[in-house]
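In order of appearance the chains are A, B, C and D, and numbering begins at 1 in each one.
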Amino acid sequence: MGKACLKWTMLGSLALIFAGCATYPDPATTRQMAEKMVSEDFTAPAPALLKRLVQDKSQQICSKIGDAKLTQEEAAEVVKLARASIQYPASGKLVGNWKIGDNLAHDGAGDRIQGGRLEKRKENGGLCQNCHALAPGEINVGNVGPSLTGYGLQRGNSEAIAKLTYERIYNAWAYSPCSNMPRLGATRHLTPEQVTHMVAYLLDPASPINKR
Amino acid sequence: MNIARRTFLKLTGGAGALAAACAAGLVSSGRVLAANWNKAGFESKALADVMKSLGANGAIESKDIIITAPDIAENGAVVPVAITSKLPNTQQISIVAEKNPFPLAATFDVSGGGEGYVSARIKMGQTSDVWAVVKADGKYFTARKEVKVTVGGCG
Amino acid sequence: MAEPMKIRATLQGDVADVRILMLHPMETGQRKDSKGQVVPMHFIQSVVVTHNGKIVLDTQWSQAVARNPFLGLRVKGAKAGDKIGVTWVDNKGDKRTDEVTVTPAS
Amino acid sequence: MPTTRGGVAAILLACLAVWVAAPALAQSDDPLGVGRKMLAEDNPGELWIEQGKTLFYQKRGPKNASLEQCDFGMGPGKLEGAAARLPRYFPDTDKVQDLESRLLTCMVQLQGFDRADIVKRAISPGGSNGSDVEALALYITFRSNGMTVNVSLSHQKEYDTYKAGEYLFYRRSGQTDFACVQCHGEANKRIRLQDLIHMTDKKGVQEVVSTWPAYRGAHFVVRTMQWRLYDCFWQMRLPELKYASDASIALITYLHYQGNGAVITVPGFKR
């Protein structure tokens, strides 16, 4: 459509007849219009909740349109921001309780807004089941992300693996900039404590995820 | 809208809610009973009692009964079940979800030009065998198929 | 007042494939509404299907039949133009009757 | 993104139930397919078409008028094929409008209904008899059944809206870092057991734009495209998308233009 319109423009005099011949707006104009919509077209029970719509630097970089690729510089910046975001639990212990982690992994609720109300939960669910295969034989699991079945069996449960796993859950973009995986710790969806339980769920040999 | 969501929760919020839904008591005042409604059967809590109420004790398994239902039902509140009986002179077909609190879901009396085929949708509280109980030529036959119930809206 | 059913009766050879959709809450008597009140049991107990006035299927249902129920059946010895009638009655005594004619397969 | 629901206890129960049972997934190639097909073949959504028709031709509202003078872009009262060309620019409102926002305009202007009041009821409670807007949207779209989606961009505002919609489709925010494309940018993906439609693929997006309004099995009512978007943002943990807002229209314009060529078949059937 846009191209056809340009051809008309090239026909010179005709362009005068179709003065202001419609075409796609430039990216800056699009951005301005769309951001105005974002600021006007959503409601929340508290102004603080509306801030969820505001993008941080990394989210801006990661919102590539269509097939546009991340540049090396952009990827490096996202990784840098991600690394800086990672906080560790006060206890210093990165491996928590796998049973709690199991529950969290199968809990997809928490923090949703509906009918002018924020979903009331003591804590948010870990959302894992939505996108990842978990224990062997589980049916009701998604596949947007890679399978986590046997995660600990494949990697062992060394301190280095525990740290890597913790960091990947806390802020996946430290390793895979702009991947689909939410930065669960960095966005404050989960607490550092909750992340340690999920680390245990993934690594503990007794965890159902590591059952053969 | 929050009403929508909450109502929904109570409709199909999870296995627990569904089980409760299926566990509906049959004690209610002022209801009009259809004349031939199999009260004893619909109030039975065990498969054996359902069979008894149908007069189907000692029914034998038959390969001439085909149950069409999903291996996995996405939504326990709407599980499609179709039953085809190739038994000659099929007179009655019942659908029984064994692990429902009240297993007997429906009974269909076939007569005249009715074929040995019915299709319906039932509520299931949990993964269970679904039984077809068929009366043909005065005798009772059964078939069964397991339907796994996942709650699509889980989490 | 009960809403009309949607009935399809299509001829396949000499068999009419009959598919019936009904609008009904099929309340189990266990569900609570948004105000926490138990919604009274309300379900279709009986559906009778006739072919040119003659009963071909007489059903008894419990509240375990799903909301907005579906019933499918086949009627032998049918021809185009035959009448298929359906009547349901629920536990409150509400009833609804609709009728369609059998149409040739398209 | 398909939705997830349930109280905590219910969720845990349900998950545990599934997990304890833990049977092998592959009894047949598509263990869910049989049920999906059986349900879709006889779609209770059809029960709402007549209701929508009645609402359309009935004299209603403070002005006691029908919707017969409503112009969905093909002229007053002309419904055949109208939904297939929406969203589009309307000079009288000087806006690009989708089916539902246009319907609102008519219900307010012709029938005298209060806009805020309709919006409040537009999305009905699950397990109810549905809302007027849901039935009307279904009936109006149903009048384009068998026709091809053919959204055009010619007015400047149509170009602008389309591009804004594209931008929003890819715009990540919130604590899940989600934009639409995180769930709808690849083939054969699922959230738990629910298939995610691949919307950056022509066939996928065509399935989206040709099957709404749809009967939502788990809600027992007809749902519309506006609901579909609203529910996605809910699940993404973002604030609530305003019904018939510019942002919603932009996303719908983007998707429908991408889906041009799809044959409308409503009501759809969704799990």
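Definition applied: a contact is a pair of C-beta atoms (placed from the backbone, for glycine too) under 8 Å apart; a residue touches a chain by one contact, two chains touch by 3 or more.
This one's a predicted model, so the numbers in the text were calculated from it and none came from an experiment.
Seen from the C-alpha centroid of chain B, the farthest chain centroid is that of A. The centroid of the Cα atoms in chain B and the matching centroid in chain D are 33 Å apart. Inter-chain spacing, taken between the CA centroids of chain A and chain C, is 47 Å. Measuring from the averaged C-alpha position of chain A to that of chain D gives a distance of 25 Å. Taking each chain's centre as the mean of its C-alpha atoms, chain C lies 29 Å from chain D. The multi-chain contact residues of chain A, meaning those touching 2 or more other chains, are 106-109, 114, 116, 125, 127, 129-130, 139-140. Multi-chain contact residues of chain D (touching two or more other chains): 4, 6, 11, 15, 18, 23, 125, 127, 192-193, 220.
Residue positions 1, 3-5, 7, 11, 72, 77-80, 82, 119, 121, 148, 150-151, 154-155 of chain B each touch two or more of the other chains.
Going by the touch rule set out above, the chain pairs that meet are A-B, A-D, B-C, B-D, C-D. By the touch criterion stated above, chain D contacts chain A in their complex at residues 4, 6, 8, 11-12, 15-16, 18-19, 22-25, 152-156, 158-160, 162-164, 166-168, 170-179, 182-183, 186, 188-193, 196, 200, 233-235, 237-242, 245-248, 250.
Interface residues of chain A facing chain B in the complex, by the touch rule stated above, are 106-109, 114-117, 125, 127, 129-130, 139-140.
Taken in their complex, chain D has these residues touching chain B: 2-7, 9-11, 13-15, 17-18, 21, 23, 27-28, 31-36, 38-39, 123-128, 192-194, 217-220, 271.
Contact residues of chain C toward chain D in the complex are 3-4, 6, 19, 21-23, 25, 31, 34, 67-68, 70, 72. Contact residues on chain B toward chain C in their complex (touch as defined above): 3, 6-7, 10-11, 20-26, 28, 30-34, 36-38, 42, 77-80, 82, 97, 100, 102, 104-115, 117-123.
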